[in-house]
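Taking it in order: structure first as structure tokens, then the write-up.
By written order: A, B, C and D. Residues from 1 in each chain.
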């Protein structure tokens, strides 16, 4: 991409091609942001649009902004979004079904009307040529220097205020997300007493990870009758439906493992598969019991 | 190429963002749409800067970015604290602002 | 000497101030302070009188300007005094009788724990009444006028724990206020006509003004008459006087017999110049006087309550005075003369009645008296002398003054003269009747005593000397005052410079009138003796004829008031309260409700969904953009 | 530049309000004394204003003038004429009594945690001082817009005083009391705001008129007057009438004039007696005062045009208010309707356009302030003792509390304009002033004095006389603090009743100025006119 040309007063054909291609991408990204069902997808689409915009900035001679757009916006702010999406839960997808009566119609009317008005307004203006930033970018020795010159002279007041705003926002965010402890922290003794008084789960919660092959916090423990113990996995995972089902799939894999080891030992095909799986279940239960006893 | 094309793109992105704000219920997505609108404005500013041949437009775009950052920080904090108390990130669930 | 006029008023005012704010500390000496200050005022009066006698008849008027009260533009109200012979007469009467009644009250109110306050009120009354008669302008007179009304209100309602007393006090004040409208409108008329309301500005110009402003002068006359009717209990504003007897008896004697109720007579006599210039108003005055003298007399015949009978009599006697005052220069002097003699004998009669009540456990019903002459000899004698004076027994003071009024009435001339003279004669007959009735029922016949509500048997006894001495002095006055005034037309010469006097030409000779008066007197006394002296008096009132029953109820005037004014007023206020709530307030509340309803509708737009608000924001922005573009395009 | 006496007079209570509000929650008594001290300081300053005012001098004295918002011609202009000086003095005089009378009205009910940061007492006294500051400023402002600001702003503290510190003596229970209180407060606010908004429109209209004709718009009363006098400013008849109506409506609501009076009985009934005094004796006076200062001076022709209607409304107010007072069962509402009647007299006097009428009306404002304060504050003591404001709950008070009954009677007698007490002088002046130009209206208005006697004496009879009713037996007589409130007021009533000259001397020249504004002179006596 010819950087020098971007600052010129005339647009090159190359820039036109770039505009039409990347502009399409940007619009698609924007539409994706609005229409994607999952917020993580929306975020990614938005990031795409932003990167395209960064390119446009660079193409138009706003080198500093182009870089900032990528580093700060796409890099930092979008990451912040992703963090929050993670905190709130990526699967909390909102349906696109409208619940407010007439909202969509009104939104369409207003949005379209507004867009048409904007476009009409722009087309009304007689914009034919760029003045170009060639001079502005060179007078102080570069785009960054030029911006800095403006920021610290003409806009220094606004700059300071914006700085104050940013600080306030940072403090505000901390205040907002900080959870005030409204009551005395309960001691371990009180907690255990409360547990006994409630009488529902006197013992500690069962640990997950039957047949753990790795850090298997998503694998519930199995109760003696073969069902899974809901209590053994985190409630967050449970809500997200991310509990791994051990009963069928895992058993089968275990059986395969046994089989392969037997094969490796040269005792292939001695027992039927059904019997094997039953024994595996029993073994699992034994294992469970042993674990509980240990606790 | 007509310089106005950048502005048309900017207007289009802005409108899409605005529509997103109106249609989506997930507060995070709504915020993303707001970001989209801000970015569309920034594009217009940068284009104006080039049209006029001075850097003031870029300075404004810069400020917009800072303000957007501040807004995102506070906004997301609000979303998080609302989510904590209501277990929902839907803007329709926060509808106490009526009699 | 001029400052003495101020002191005359100030002394009892000071007494009132000290007694009413002094608190319980003064309880033991309060009555002495009050009496002393009243006496002091009397002494000032006598000194002034002596001074006045030493001057020429035409130069006897003393004036004193204290300070400007209300100076606003042309409206200059001063606090200034004018003491002439007319005022002097009143000053002596007020302070003299007033002092006697203070002394009487020491004994009469001895057992009342609020005696100090009673004396405070009495002093307040004296001050206001003196202010009324020595004021040099109508505005200050009005202040005294209302002041005596206040004192009367306080004293009638002195026993406030009795609802009847409180009601009577309120009634007296309000009826008086109706009369006060008259006085205030009269003052306003004077101000708009003469630009002043001082006696020395208005009165000399009245005659001349009546040529151009006849209607106004007549209006002033009517308004003054309205005021006099209120204060002097003349028909149609007489209804309060009977009820006013709820007050302690000394009050009835001082205020509601001797002094305050005669203020109307003073007002009319004082404004003689205006009435002289307004014959229509004079006719109204004599009509009111004649009607009242008969009205009061009839009411007096029917009452069994001794004080109410005397109140009817007061009304009737003041009717005489008003009638005389309405006759113009031929009557003014005799009005005042009757006023003075009436002050003596009526005060004496009331004090006597008080003495009787004092001895009879505060019983007021004459049907439960009887035969008291043996038990209360002094009271009997003094009351008897008062009785003889009021019926006009020859030689006693009532004879001289009343006879003169009847003569003057005939001297008015024409049909009017005959009617008024006839009314006067008829009134004299009825007076003789009802007073004889009172006398007979109270002091003669057999005992009809009954135990009071608490079962105490009455033990009639003579009152203490603090009560009897004033009665004796007043009886003295009732006997000799008339003769003293009439000798050499002393009183006429005394007052003539102020009120003017003309003899008039009577169609009947003085002797004839006197003979006629004597004749009706005998008839009245005779009938009364036949009815109450020869036959025993039933201790429960018989049903009586229609007239008697009407008279017992003050000739239905109260019933009329009750139905028309009280009931009507209640309905009016109640419906206004309702209207205020439903109509005036309702319109406003209705507006509020409809706005509320509208905003309730509009509130639906405010559904709490942020996205809805965002839509309206975007819509609004679109409209603004459109407007901007359009403005550009145009 | 001379010492800004007027600003300071208003600033002292304003500062006092802040200081009082800042007193720590637990130090309630200290807050009361602080507030009282500031109100007394204001009284001293107001007395200085009165003394420094020279009746023979300029029309407006002690003036201060500073540009405020140049672009809109807003000025900070203060100045007093005789009427304003007297009204400022009245305001400053009454506030200490209001505070003393309401000494315990805002004490928290028992069992309040002393550590709570709840501070109603501080708030109560601070709000009273705030009202005082606003009222004083609206009496002093000679810039129409400046006046408007304070005229409206005083609604806010009064609103909180009515709604936040209601009468504790309520028959229908706590909840109903709260409901009625908020109704009364909102009604007060809405009525006055409605009037104020219309006035705002008229104020802006006045500005556009002056801007159009003088080149630069102005709100300054004196500039407008001098421009009109020099012929530079000529407001068209119809414009003048509309502007007049806009101003008058706001003042008539505040005054209040029939039929805009219905907020007053509610507001006075539901608030505590001291606050009711504040409303009727101080705040409402701004309405009648403004009629004199703004309606007549700014729009003389329109005032004359509207006079017949206004006079009739005033007479209706007199009679109607008095009749409704007779029909009331609630002591404070009775006094409120009596006040409606009295405000009718004041407006009658103002628009009779005679020197007696207007001097009388000004004097009436002062006297009504004092007499209503006396009557209402004693009524407040009575109500607090019994815990009820229904007349029927009283009877025979005179027997157990004679001093209370006596002061109540004196207050009542002042209300019914007994000669010797101050209101008589003013009432008679108003009547004479009216009568000399409009005899029929004068006579009808005179009927009001009978009705006044009726409602006062009926009230006295039912509450004070007769046998002692249940609930009255143990009633205590006035305490030292209460006597301290009542005695000076009564003394003042007596003094001004006998010697009102000091006040009339200050007021008369200003009234003559106002009359010359409307080109009216007193009618000549008929006899002189003939000659």
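We take it that a contact is a pair of C-beta atoms (placed from the backbone, for glycine too) under 8 Å apart; a residue touches a chain by one contact, two chains touch by 3 or more.
A quick map from chain label to UniProt name: A = NADH-quinone oxidoreductase subunit J; B = NADH-quinone oxidoreductase subunit K; C = NADH dehydrogenase subunit L; D = NADH dehydrogenase subunit M.
Everything numeric in this text was worked out from a predicted model, so none of it was measured.
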Please work out which of A-B and C-D is bridged by more C-beta pairs in contact, and write that pair.
A-B
The distance between the C-alpha centres of chain A and chain B, rounded to whole Å, is 18
Gap in Å, rounded to a whole number, between the CA centres of chain D (NADH dehydrogenase subunit M) and chain C (NADH dehydrogenase subunit L)
37
Cα centre of chain B to Cα centre of chain D (NADH dehydrogenase subunit M), whole Å, reads 56
What's the distance between the Cα centroids of chain A and chain D (NADH dehydrogenase subunit M), rounded to whole Å?
68
Scan chain C (NADH dehydrogenase subunit L) for residues touching two or more other chains and write them down.
609, 611, 615, 618
Set of chain A residues in contact with two or more other chains:
100, 103, 106-107, 110-111, 114, 118
In chain B, which residues are in touch with two or more of the other chains?
18, 22-23, 25, 92
Throw together a list of every chain pair that touches.
A-B, A-C, B-C, C-D
Of chain C (NADH dehydrogenase subunit L), residues touching chain D (NADH dehydrogenase subunit M) in the complex:
20, 67-75, 79, 139, 142-147, 150, 153, 157, 160-163, 165-167, 169-170, 173-174, 177-178, 180-181, 184-185, 187-189, 191-196, 205, 209, 212-213, 216, 569-570, 572-574, 576-577, 580, 584-585, 588, 592
Using the touch definition from the top, list the residues of chain C (NADH dehydrogenase subunit L) that touch chain B in their complex.
603, 606-611, 614-615, 618
Quick check: in the complex, which residue numbers of chain B touch chain C (NADH dehydrogenase subunit L)?
18, 21-23, 25, 91-92, 94-99
Residue set of chain C (NADH dehydrogenase subunit L) touching chain A in the complex reads 609, 611-612, 615, 618-619, 621-622, 625-626, 629, 632
Show which residues of chain B lie in contact with chain A when the two form their complex.
1-9, 11-20, 22-26, 28-29, 31-33, 35-36, 39, 42-43, 46-47, 49-56, 58-59, 61-63, 65-74, 76-81, 83-84, 88-90, 92
